[in-house]
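In the two complexes below, chain A is the common chain; its partner is chain B in one and chain C in the other.
Entry: the complex of A and B
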């Protein structure tokens, strides 16, 4: 995963808009330090960044495509979820636990070998159950 | 808890506990509504000895109707005398102009920073 600040990428006027993440695949850059007289300690915020990035991509994907009846996977936010591969899986699993979601199609792309059903005819509800079973067998959840 | 720095900005960078802030802002100007934009956030908070320790920290951007503009940013930190936060948020989801707020919650202490979205 490419990370890092690139906030000088475009000049801005006061309070205006700009795109500091053009060359990154995360939508949050965060660095936190705890400081005392003995030194500076970096706070681990990787989980916060991954969780935020997934939630942001998922929210924007739904915002852009929920009104569409078909082909709602040709979308940069959906592609970003898929591109992060297994990093996205714990967050997809959390969404699956809440109920049926089109995120199963991200799982089909992340784990093409584990998709053991006919994508054309299975219902979202049944596919969700299958994926929950598959993911719960995996240790990384 | 004492706020030493708490601002929105064009760029925020935390280099080994030292904050670099580029272009502080209290208005976010957008060309159209709805839109996605980016913003930086910088904070330096001094904690008193009885406030030091493990803390849950959250950052929320709320629009004028109280809706979250981006998902909550949440993490845990073992705090010391000072806490330095530098973040760049992409995809700030702006659906309307108006008075908004950034809420930084450190443990049970809520710090609020109002800002405006203008067109």
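Entry: the complex of A and C
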């Protein structure tokens, strides 16, 4: 039995609404945690559910607020991402790797003590780099 | 990045965005999507930041102002701090940059700012999305979905083009502050 085999497989896109953004093609990912001796893949169901929930909340949050310039974080879907705390972090990390995103604010709320920069000064691009460094140091990514 | 301009136009003129753009002959998508700055920053020519009252990375508001209430006067004061002055018409003037400030019909708070190209044509950045050319007036009003509407113009402001250097200066200062932050971050 091959143990410890872990990867993200590409799967179907969640939701059915129209999104013109390449970087919001958040796909439902299934983590294959192991393949047994008969070659049957064991799927981590919790991970699949978390991935789907995050993808759904993220797309709906963006759909409702992307065109706004004020009060972008006063939104139930964004609040849901923050409320799930560390469960959301691996998926936020995946989005951060793609480029600057306002999900950085979710990280600031989930890990207030790790936010060691001056918010008024730092640019979104630099904050993204800072958070990528912080998250890559963490073992749970 | 937008898959193509056609899809961006389709999205922006859909029922849940700004359906009045469908019949706007001046409507045109003029850039790639950029999440690093918003419409207020675009109008202020500060394209290195998101100008609003939110306390989070990448966001900035003129420090001397009340950072709690997004009132119409609050936005006027923010523009005044960058050398803009109130103005009573949108007629282009050669030596001046002009901007139009929008307010929400229900909350009465500010929602948007656009650069004025001519009396009938504006240039807007839409939140974290694309920038577009569009007609003046209320083409960015969505009476069906009031949570996304920009409403109507409540104030025109202008600034002498010489003060573009002031915006540039603020960008340079911030760049150096960021480099300093990076150095401290490495120590």
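Keep in mind that, in the parts below, the second predicted complex is superposed on the first by the 97 of 141 C-alpha atoms of A that agree within 3 Å, B and C clash if a C-alpha of one lies under 4 Å from a C-alpha of the other, contacts with A are read in each partner's own complex, and residues count from 1 in each chain.
Going forward, contacts are C-beta pairs under 8 Å (C-beta built on N, C-alpha and C of every residue); 3 or more make two chains touch, one makes a residue touch a chain.
Given the structure is predicted, the values throughout are model-derived calculations rather than measurements.
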Q: Once the structures are superposed on A, label A:56 by its partner contacts, choosing first (chain B), second (chain C), both or neither.
A: first
Q: Kindly classify A:45 by the partners it touches after superposition: chain B alone (first), chain C alone (second), both, or neither?
A: first
Q. Do chain B and chain C touch any of the same residues on chain A, and if so, which?
A. 18-21, 63
Q.
Which residues of chain C touch chain A once you look at their complex with the stated criterion?
A. 1-3, 7-8, 10-12, 14, 16-18, 33, 35-36, 38-40, 48-50, 52-60, 63, 70, 109-113, 126-129, 147-148, 174, 177-178, 181-182, 185
(Q) Which residues of chain A touch chain C once you look at their complex with the stated criterion? (A) 18-23, 63-73, 99-102, 104-105, 108, 115-127, 130
Q) Which residues of chain B touch chain A in their complex? A) 10-14, 16-17, 22-23, 25-31, 35-38, 40, 57, 70-75, 77-91, 93, 118
Q) Touching chain B in the complex: which residues of chain A? A) 5, 7-8, 12-21, 26-37, 40-41, 43-45, 47-48, 51-52, 55-56, 59-60, 63
